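Next come two complexes built around subunit A: one with subunit B, the other with subunit C.
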Partner chain A sequence: MRKRPQISPTLLAVLFLAPSAIGLLVFRLGPIVWSFALSFYDWRIFDTPVWAGLDNYVHILNSPIAGRVFLNTLWFAMLYVPGSVGIALVLAVLLNNSLRSSAFFRGSFFLPYITSTVAVTLAWRWIFSTRFGLLNNLLKGLGWSDPPAWLADPAWALPSVAIVSIWKDCGFYMLLLLAGLQTVDPTFHEAAKIDGAGPLKRFWQITVPLISRSLFFVLILALVRSTQTFEITYALTGGGPNRASTTLAYYVYENAFVHFDMGYASALAYLLCIAVGLVTLVNFHFRRRWVHE
Partner chain B sequence: MKRSSPFAALVLVAVSGQVLAQETVLRYMSWDPAQLEIEGPAIEEFETAHNVTVETQALPPDDYWPRLSALAAAGDLPDVFAMSSGFVAEWAEAGNLANLGEQMEGVDLNAYYGAAIEAGMVDGEPYAFPQNWVAPVLYYNKDAFDAAGVDYPSDDWTWDDFLNAAKALTIDENGDGEPEQWGYYFYGRYAHTDGWIFRNGGRLINAEETALEPTQEAVNALEFLVGLVSEHTVAPQPQSLEGVRQQDVFPLGMAAMWVDGTWNIDNTRQVAGDSFAWGIAPIPMGPDATPETAVTYAWADMMSIAETSEQKDLAWQFIQHMVGEGRTPADFPGGKVPAYKAIAETESWLEEGLQPDNKGLILELGAQPTYTGFSKNWSAWRGYAAAGSGGMNGEIDEVLNGRKSLDEAIDAFVAYGNDVLSR
Partner chain C sequence: MNRASSLLALYCALIAYAAISLSPFAWMLITSFKQPGDLFRLPPTLVPSMLLTEHPFENYATVLVERDFLRFFLNSTFVSFTAAIGQVLTCSLAGYAFARLPLKGKNVLFAAILATAFVPTEVTIIPEFLLMRWFGWMDTFLPLIVPSFFVGSFGTFMLREYFAALPDEFAEAARMDGAGPFKVFWQIYLPLAQPALVSVFVVAFITNWDELLRPILYLNSPELYTVPRGLMSLFSEYEAEWTLFMAGSVVSTLPLVLVYVLAQRHVLQGFMAGGVKG
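Our next item is the complex of A and B:
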């Protein structure tokens, strides 16, 4: 009998990894490196790239808009990260039991995360509509004669985007935290209970420290996602009114695919990348102070 | 079952290869899927007459431009593609568009609207050929005018006439301070405000198109418009109607007058149905303008040939077919005016029996001096599409919503505009 040709395990591993690795290289890592190079070019997609040195970065620093967009991104993160993680934590703790109804509520809270973003955002747009919206008619019914123009008032537009984003994502974070909560040994709680610790004390002294690793992961995830908000902004406010809800990811899209200024958009994307990287580094630095390994 | 011989298969492959090699394929891309469907029979006719296959693709504008730009970057532009008055200069300067001068030598340009032909010229050379053109007009609700006892807008209406009509047409039936019918509706959108500026003889950008320098006539026009909301309260603050599609405000009867492009005739027909009678009129000429300086805001949708196309003559024949004799008035329903006069100036295009009953007015506008207002980076400084909440659009809305003075807004949009124009 003829002996089958032998493939070395290394080659086999490379072959199996190749489809994902090539995809990652071509569609992720390649563009990441390429866009860094592009940030030093003046390139309208349909034109020839022209070397521009640091011009794009200088333009961003001198732009009358870019500073506001950076601040909007920061403000959004400040609303979104504590909002989504806080609500997710409360929901996870409330639903961390074996009651039958809990499964239903877990599913219900997770549902927004898997529904079409644009579709649900359009529904929210009707809810927020100034004159004919559900929310304002409800508020009027409760006696607020002049409720805000949620999506057209600069003070409310970004918080409105944050509300929808929190509503959409907190179910996902809840699920991650629930997984963490399931690993907490109930005997800790029982012992604390016997020692007379109340529910709040047990939550802060036992639950939070024991799920701190999950919490840290969710926090980093929420932070990164807060800088990537795009679809909801696009469908809800279009970045308005007058830039009040334009965050960096949206501004990158606008410059790349509306104005086709790829060099400028790449430079913006890299500044965003640096900002997120720095915040993540700071988080990792403080990690050992509160995360129990 | 009998197995076919390898030889027969080889012959078949060779023959079909020969056939494929002989087939001429012309690639055509458009930004209007609905329009491409209408164009189907005309394209088939061209295919039969020239024994070619036309490969078509249509994407809505938000997807069309990124896709077309990517194809340009890859050196793979279709032979023929739709081109906007707003982008033709940048695309020609980037070397993507074929100069049509040679092909156009034998064409009787008088058969087309002059302003539409002009829209495809870059530095005196033609880089796009017009298919149809559009212009903002004043839509008015005839039933509301009749009920208020106001005469319909006429060609010699002044801005005072317009204001008086708007006052009479603003009706707060239940006295809650929020009129059920506003006299007029607009916001900072280009199609809502720029027509007023140009009809007052104003300009937003300098002649070289290098910097935003709003003229006094432009500022006066903006002041007049802002006054409609803040002083005369005949138009709503835009934020109060957030959530209602802008193109539905007039057809839903929430405002008795509205200025927008003729392309919205279709939507107005669909949404308003038979609920009220309506007509269209020119935007009234401003007090600072003379008939010579009061230009009509209008622009053309065009077709271009890729500089990289290897069949430019065939592509030109296709364009000629698609903009001229190969088309019928029924191919241009609603407010898109065929650039080819022989199709536009027909009873059939006027669509008798449908509203508005005076579509001929649009043809009159096409005979007047027109101005497109476009420049490099227009979408950014003007605030258009996904950038519609920013630029001049966003700043004017801040004024209309009572959060900024007009002077502050002008300073802000000029600073931003000059920043993007300097890139």
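Our next item is the complex of A and C:
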């Protein structure tokens, strides 16, 4: 049998990795460096870029609007992270204890995460409607005579965005925690029960330490996601009323693609990136205090 | 508490949350089958009144034909399908090379692909936009599809794990029979990775279907709109036509529910392996 000339495995590796390497350069590393450079320029997209040094950063730090936006972002994270991870943990523990039909519950809890964001957000917008919405009519039925105007109320607009985001994501976090719970050996619980530990004590002293690795991962994930609020904000409130629900990610979009102020938006994006990086680092620093390997 | 009553409490809690989780979908569906006149009744009715008339699907007909959602649906299907194929192709090549082919320095590349996945979109989207403008790709599907053909962190990660877990013996046996390294990949390892390939495909399909920011940035002509983009423009053009908005929302949601129901195992595994969308 005549042998055909064969390509060497190393050459094949180069060919196989070429698209990813090119993509990494063109769509990731390049843009990361490029937007860092842009953040030092004053550039409306239709003019020529002018070197501005640290001006963009100085403007951001002195701008009352940007300050408001930073506070909104923080407030959103404070609502979203404990809300979504807390509900996810409770649901995961409940599901882990249920006998049958858990596939149905798991499926219904996870469904919001994978369905069209814009579509479900519009459905929520209709539910939140002040006079004709399902929610307020339900609340009135329960005896709350004067429920909030939700999306039209500056105090409630951002919490509304948080509610929709928690509703959408917590099923996903539940799934990740459930996978962690299923590796826990039930004999730990039996032993603690014999020693007379109640369900709450068993939860805090056995379940939480044993799934601390998945819990840590989910917390990081939720933190990162809490800074990336675009679709839901866009379709629910448009950042309003009067910027009450504008978070940093949305503000980047607005500056870059509504005002086309590319330099200022890049500086905002970098501050966002640095903030996420710092929070993640702090979390990793405290990791060994409570995460058990 | 005895065992029976604690089980009862458990199921009550699960059912209560399932109701919260599913009711927005139910309300979307009911509203999409209402007559416009029933929208602003107090208290709100739960009756899908359009179903009782002679044209039960009128809202859907209006949205699909008059408001062009049929076209948006086809656009979304084309974009999501093509982008997902690109993602499977690139990630399977890269995942295989990372797992089973010899190349110095490949781990540096792998680390870079993983690390850059955690950089927020906000940081890269502005240069990406400028790049697409420079390529002359504005108002085409290319910016929504082409990047998927180049790099995908989650898919590369997942397929690398999968290929690495497959035994070496197949490769050795094939090599004895004179198969070259490409044939070993194409005829032996790729077919074996089929479950992981399906997972990567469905996750990429769902993620691309759901995309809103890029269609807003890159598509100007209404005939190119994807469903989420079309939904937002329908919403901003017409005042309070919730029956139509919700019919459009059902059109946007249904394919994803269908994918989920048909490929539940792959969807769950894919998203769990990634931990992140995209």
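Methods note: the second predicted complex is superposed on the first by the 278 of 293 C-alpha atoms of A that agree within 3 Å, B and C clash if a C-alpha of one lies under 4 Å from a C-alpha of the other, contacts with A are read in each partner's own complex, and residues count from 1 in each chain.
Quick note on the criterion: contacts are C-beta pairs under 8 Å (C-beta built on N, C-alpha and C of every residue); 3 or more make two chains touch, one makes a residue touch a chain.
Just so it is clear, the model here is predicted, and its values are computed rather than measured.
Of the two partner chains placed around the shared chain by superposition, subunit B is the only one that A:151 touches, whereas subunit C remains out of contact. With both structures placed on the common chain, the touch criterion links A:47 to subunit B but leaves subunit C unconnected. The wider contact with subunit A, measured as residues touched, comes from C rather than the other of subunit B and subunit C.
When both complexes are overlaid on chain A, the residue A:253 reaches subunit B and subunit C alike. Once chain A of one complex is fitted onto chain A of the other, the partner contacts of A:209 are absent, as it touches neither subunit B nor subunit C.
Looking at the shared chain after the overlay, A:276 reaches subunit C, while subunit B stays out of its contact range.
Once chain A of one complex is fitted onto chain A of the other, the partner contacts of A:128 are limited to subunit B, with no touch recorded for subunit C. Look at A:243: by the touch rule set out above, it reaches subunit B but stays clear of subunit C. Contacts of A:261 after superposition on the shared chain: subunit B is touched, whereas subunit C is not. Across the superposed pair, subunit B and subunit C both touch subunit A at residues 126, 131-133, 234, 253, 257. Contact residues on subunit B toward subunit A in their complex (touch as defined above): 65-66, 68-70, 72-73, 90-91, 93-96, 178, 238-244, 377, 379-380, 384-390, 394-395, 397-398, 401, 403, 412, 415-416, 419-420, 422-423. Interface residues of subunit A, counted against subunit C in their complex, comprise 1, 3-4, 6-10, 12-17, 19-24, 26-32, 34-35, 38, 87, 91, 94-95, 97-99, 104-105, 107-120, 122-124, 126-127, 131-134, 137, 141, 167, 171-172, 175-176, 179, 217, 221, 224, 227-228, 230-231, 234-235, 248-249, 252-253, 256-257, 262, 265-266, 268-270, 272-273, 276.
Residues of subunit C touching subunit A in their complex: 7, 10-11, 13-14, 17-18, 20-25, 27-28, 31, 39-44, 90, 93-94, 96-98, 101-103, 106, 109, 112-113, 116, 118-131, 147, 149-151, 156, 178, 180-182, 185, 206, 209-210, 212-213, 216-217, 227-228, 231-232, 235, 242, 245-246, 248-250, 252-253, 256-257, 260, 264, 267-268, 271-272, 275-276. On the subunit A side of its complex with subunit B, the touching residues are 42, 44-48, 59, 62-65, 125-126, 128-133, 149-154, 234, 237-243, 245-246, 253-254, 257-261, 264.
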